[in-house]
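Next up: the structures, one after another.
Across the two complexes that follow, chain A remains constant while its partner is chain B and subsequently chain C.
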Partner chain A sequence: MSEPQRTPFVDSQLEAAAQARLPGSSIGWLQAARRENLDAFAASGLPDTRMEAWKYTALRALGQRHFASGDEQAASRAVDASAFALPGIDGPALVFVNGVFRADLSRIDALPAGLDLQPLSQALQGDAEPLRFALSRHYREGGDVFARLNAALAGDGVVLRVAAGAKIAQPVHLLFIGAPGEVDLAWHVRHVIELGEDAELSLIEHHASSGDQQHLGTQVADIVLRKGARLRQVTLQDAATGSTLVRHDSVQLDAQAQASLYVLELGGALVRHDLHANLAGDRSRLETRGVFVLGGRQHVDTQMAIRHQALNTSSESVWRGVADQRSRGVFRGAIVVAEGADGSDASLSSKNLLLSGQAEIDTKPELEIYADEVKASHGATVGQLDERSLFYLRSRGIPLAEARSMLTAAFCRAVFEPLPEEGLREHLYHQLMAHLPSA
Partner chain B sequence: MLKIENLHARVEGKDILKGLTLTVNAGEVHAIMGPNGAGKSTLGNVLSGRDGYEVTEGSVTFNGVDLLALEPEARAAAGVFLAFQYPVEIPGVNNTYFLRAALNAQRKQRGERELDSMQFLKLVREKLKIMQISDELLHRAVNEGFSGGEKKRNEIFQMAVLEPKLAILDETDSGLDIDALKQVAQGVNALRSAERGFLVITHYQRLLDYIEPDFVHVLADGRIVESGDKTLALKLEEQGYAWVTDKDPVLHGASA
Partner chain C sequence: MTPVTAPDDMNTTMTTETTDRSDLSATTLRDNAEVAAALGRRYEAGFVTDIETDYLPAGLSEDIVRQLSALKKEPEWMTEWRLKAYRHWLTMPTPDWAKLKLAPIDYQSISYYAAPKSGPKSLDEVDPKLLETYDKLGVPLHERAKLAGVAVDAVFDSVSVGTTFRKELAEAGVIFCSMSEAIREHPELVQKYLGSVVPTGDNFFAALNSAVFSDGSFVFVPKGVRCPMELSTYFRINAINTGQFERTLIVCEDDAYVSYLEGCTAPMRDENQLHAAVVELVALERAQIKYSTVQNWYPGDENGVGGIYNFVTKRGDCRGNDSKISWTQVETGSAITWKYPSCVLRGDRSVGEFYSVALTHHRQQADTGTKMIHIGKGTKSKIVSKGISAGRSNNSYRGLVKVEKGAEGARNYTQCDSLLIGKKCGAHTFPYMEVKNPTAIVEHEATTSKISDDQLFYCRSRGIGEEDAVSMIVDGFCKQVFRELPMEFAVEAKKLLEVSLEGAVG
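Take a look at the complex of A and B:
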């Protein structure tokens, strides 16, 4: 193997690691994991597009950039979190500014019974043993370079546990605000989420920005659903236009567990989302429903990998992409039905709309089946707005620009229809409409 | 109101309309009949401003305005309405939402105040009675999963709400059984008024049993070759289009 290039990016992060004062530094296994992941990061550097997982997302420009670590001011920056309130969502909330937990902006004083919710920085001061499994992970997959970096440098994040049988009525709001600083910053958050047997939770992951900035944020989340647990998660990604955001989610579903994951990708200059789900228990069920709406020179890359590992598991994935101007969307949906996962049912639909001749969308559904009696289907399209429909709307008096946004919104809208929280659903529609080209 | 003079138009490099002249005044119902390929649908599409139709000669004025210079949405706002031969299904766009957006877009272009949802609902209730359309259609996506009859009734319902000055019905009778045809015709008749003109494009005389025209024109090879009153339609029904095309020296000469 050739020696990886030491880019300014890698150097700046190694420098950051040398200076970092991370919580939990007295925990031996944690320090060992941090070191091992950092060494792996230093050894691999950033991947290039010859690597399959990064084929459509070039990191050359990122490699030339320098990010300072840890925002010293994050704890005191004036940020109006109420600007990011979501309709009907007024339950527990954890708020982070540039990756640093802000108790003053959060709501965790009166948590419902059965819900344990705290920032990672705090959890590491207590008994860290329950976090050991998740935080000892070594990211050995070639493409997991940001997960390695995150494992080495994350000092905060969300630790959330729902006790067996607890049904948490109010959705939990996790808000990550990127705030402009004096320099470009790199921040890293690490989440450990577990729902006990038959527990139920509705979770909102919300990335927002209090002003223009070009930070790099990374997030790694491990989510485990024990037998019969039910999770509904809505991710609203509305990061700053110039920012880079890399998320790496792993979801494990034990028997009869159910997860419904909704994703709306709107912001960011360079956004990468890896979503790995493992249907590990019999009759577990996963639903993923996502939309990206891109403009300018945005680049958003979603890499979804679903593994059916047990009997009678099912997954349904519905994704819609819209790209305007010179933006680029990438969607890869890989579904594996492993040997022995008989009676499984997998469907994947990726439909995409190009609103400009310079926009590009690459979609790639992959299906590998090694089991028997499997029902599987997938479909992917990339197209343009239907001229006949456009003319029909215009012939009734609706101006071209409005007709285009009406049809584009309709194209995306069905994705969020099953979302039961009405206020939140309407909010997603409005956000989506606001990002569509209007003129 | 509508004045078409010596209109020539081509589609995909092929001349379809070859010198069509026609005047429609407010309050009049004109039927345009003709054999397949005569240019009937082209006329409707050119008047409503569909892409892909190139006008090479002639003019169309609508209440003194050069209609051909307007975008489709501006023509609609000026009062031109095309009832489609094949109404388009638009999944994900609610029928009521669409209609309100259309009405308000037109009103805005005309400098009129937009209707709020209460005012709009009241208007819709009134018009529903005329068209005998069920509420249920309003809550569905535009034309999605509608039967042929429902689609055509929805077109006429839109016309009722938008209240155009000129309504062009493009083969509205195609694909309808006799009951659906009667319902559609009933809706159209309810909208006839001294201020509104109609251009009823049809291949068959059948529709004209229910929508009685003031004038009937025969369109053949891109021109109007014969005009008369409603008895012309009956004569065509009896004798077929060959009767007029044979009479026309140009057409006859061309086919001889």
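Take a look at the complex of A and C:
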């Protein structure tokens, strides 16, 4: 292997690290972890497409860019958070502008019993010991370059705990707003989320923007579900069309825990989402359902890996992708059934629509099975809208563009069908329709 | 030297081999004891004076490549071609992306032109386990002996059969000969097509093969000719009892058709021997090539000791419009199988097919699959892959379906199913789909499961023994692929599976 090249991007981030004044700088173990991850980031640089995890996402252009560290004005930028309100969602909310927590826009004054919700910057001022396990992680995988950067530079994020047995009725809204600044910014948020035994939570992760910008945002989330806990998470990613967003989620499910993860990817120029789920406890259950709808020159890369490690675990994944104009959609869905994980039941479906001659879809469902009492299957397709259906609609006087949008929306809709929050579900449909060309 | 040089008249009785290698075989055939003595002597004494002439010393260098080329009396351009490949190979890193556990191979410890270390003198000395296997396969005695590497007179029959075979082929205009012969007698064809599908620098093992390939077969079917019979390399590989680095080239001109069978049923007893072959297929306008393989190299013993490393590059180029290339493979042998028979669908409306059964048992590892590269308009491909894992083995399907921008209306269907027998084995699926044309339809489906208890119970309740029941179910699982094989091969493949699965249940 040749030495990684020092790109302007890496240089700008190292410089940012040298100047950064991060919360918790008096905590020895935290500083050590930041240092280790930064050193690993500096040593590896950005991966190239020869690395399997980045085979379909080239970072050459990103490597040539500079990003300033943090937004000094973030606390004072005029942002109308109400513009991003979601129907029926009026419970606790944490709002971040360019990665910085904004107490003035958030709603955390009257938290329901059993819910502990605070920004990381604040949590680090108190007893940081409970965060030690998550925050001392060292990202050793070659492809985890942005997680390393995040671990070195994240100054804020969400710390969320639900006490054992607590069932939080109102969904928690986490809103990340990218606001235009004087220069291109890099911001990093780090979340630590834990649901105690038999706890229940509905969570909304919402990425939005208050104007055109080309920031880089990174997010690393560690989510742990203790025995019997239930999480439903909806991610609505509607970042600015010029922005770069890299998310790295790790979800651990203990015995009988259940997680349903919904993802709608609409925005961003370059978006990467790594989702690692570990079914660590017997009879744990995971459901992932996602859609990406791309146009322009968008590039969205989802890398999902589900690991069945315990008895009688199950996972079901349903993903739909639409790529139009010059966009490129990348999906990898790996299912691993470890030795001894008997009774695992895993299925994955990745269906994609390729709507333009300049667009591209790369999909790669994977199965790695080391146990024999297993049912595992996956299916993947790449195709286009059905000509006959189009003809049917047009013969009833619906213009071509509208007919295409209707069929495309129908193709994606089914993914969100099981979502119980009706208002939110309708909102997702609405966003999806609005994103389709000429709807 | 030497007891191992054959008199000239022996060469004429051999069909496809005219190399020094085959001289050795010929002698082996004629006077087995004499050769065994010579081999034994070499083995015991380490070095004998005749090493330079008939055996190249272990190791790889430009000199060795030159000597190999000289031994085979190759023209200058061929020597240069090999050297070019060798120089390129030196610059390449060993690939490590496959899902395989393998110790680093010491390329300097391999003899690139050598006879087996030892051969049994008579049937009595052959491992009784092997004989048992052949019994099950229903291979007749003389065939059995031949497979075990013991030369008996019957081999001559098969040689003469080969000769009549050739005459009929020549009447049809089909050229079917060894690669060495083709290089000497049809240099224009070889120069035109060799390396045009798998370039010398294509990958690590292809480059190595290009530098040191010892022999292989060459098939040329001229315009409009439908090859009158199925061609086979079965006997040939056994006759020379080697094939570490074979090179096969099959060219079908416009409207031509050939069906080619490759049987690698010769077991080798050497430990972890490397077999790095390259197969190139070229189909011109409306040509069709059907390539079937039943691979049963020595898989190593229950503990994973010994066995062949089968690292093969196979690729077909559908150069002409409406051409078709079909790969069928049954892989039951080898300690490690690492191969991806592929189709480059260049011509408009060309068709690529891949049917595969890969069975691994004990500590075998297989990483196999295919690539379908759709370039021409209206191209179609179909992939049916069946993987069976037993014992402590690992079996991976790795495939790529790529639809380039210009491949209007391309269509692919992929089905790959895995069957697990036992708790310690692994079955994996890594399909890559890259689509750049919005009129293409690409579909992939995969399932993994074990033999269902219901099916087993049904069979058992009707008085069928567990082992028979399993092989019935496995047979049904593989049916889709077996029916693509020529009849005799299908029978053999089915029996091979039975034999390979022995002891997998219970």
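Following the convention adopted for this analysis, the second predicted complex is superposed on the first by the 437 of 439 C-alpha atoms of A that agree within 3 Å, B and C clash if a C-alpha of one lies under 4 Å from a C-alpha of the other, contacts with A are read in each partner's own complex, and residues count from 1 in each chain.
As a convention for this text, a residue touches a chain if its C-beta (ideal position, glycine included) is under 8 Å from a C-beta of that chain, and two chains touch if they have at least 3 such contacts.
As the structure is a computational prediction, the values presented were derived from the model and not from experiment.
Asks: Once the shared chain is lined up, is A:Leu111 touching chain B (first), chain C (second), both, or neither of them?
Replies: Once the two structures are laid over each other on A, A:Leu111 reaches no partner at all.
Asks: Between chain B (first) and chain C (second), which does A:Met433 come into contact with in this model arrangement: first, second, both, or neither?
Replies: So A:Met433 meets neither chain B nor chain C here.
Asks: For A:Met406, using the defined touch cut-off, is the partner it touches chain B, chain C, both, or neither? Pick first, second, both or neither.
Replies: A:Met406 contacts chain B only, not chain C.
Asks: Tell me which partner A:Ile361 touches in the superposition: chain B (first), chain C (second), both or neither.
Replies: A:Ile361 sits against chain C, while chain B stays out of touch.
Asks: Which holds for A:Phe391: it touches chain B only (first), chain C only (second), both, or neither?
Replies: first
Asks: Between chain B and chain C, whom does A:Val382 touch in the aligned arrangement: first, second, both, or neither?
Replies: So A:Val382 only meets chain C here.
Asks: Look at the residues of chain A and decide whether chain B or chain C touches more of them.
Replies: It is C that touches the greater number of chain A residues.
Asks: If we overlay the two complexes on their shared chain A, which of chain B and chain C does A:Tyr370 touch? Say first, second, both or neither.
Replies: A:Tyr370 contacts chain C only, not chain B.
Asks: Give one of first, second, both or neither to describe whether A:Met51 is in contact with chain B, with chain C, with both, or with none.
Replies: neither
Asks: Once the two structures are superposed, pull the chain A residues common to the chain B and chain C interfaces.
Replies: none
Asks: Which stretch or stretches of chain A touch chain B in the complex?
Replies: On the chain A side, the touching residues are 386-389, 391-400, 402-403, 406-407, 409-411, 413-414.
Asks: Can you name the residues of chain B that touch chain A in the complex?
Replies: So the residues of chain B in touch with chain A come to 48-51, 71-73, 75-77, 81-82, 84, 87-88, 90-93, 98-99, 101-103, 105-106, 109, 141-142, 158, 162.
Asks: Tell me, which parts of chain C touch chain A in their complex?
Replies: 97, 403, 405, 418, 420-450
Asks: With touch defined as at the start, can you tell me which chain A residues reach chain C in the complex?
Replies: 52, 56, 339-340, 352, 354-357, 359-384
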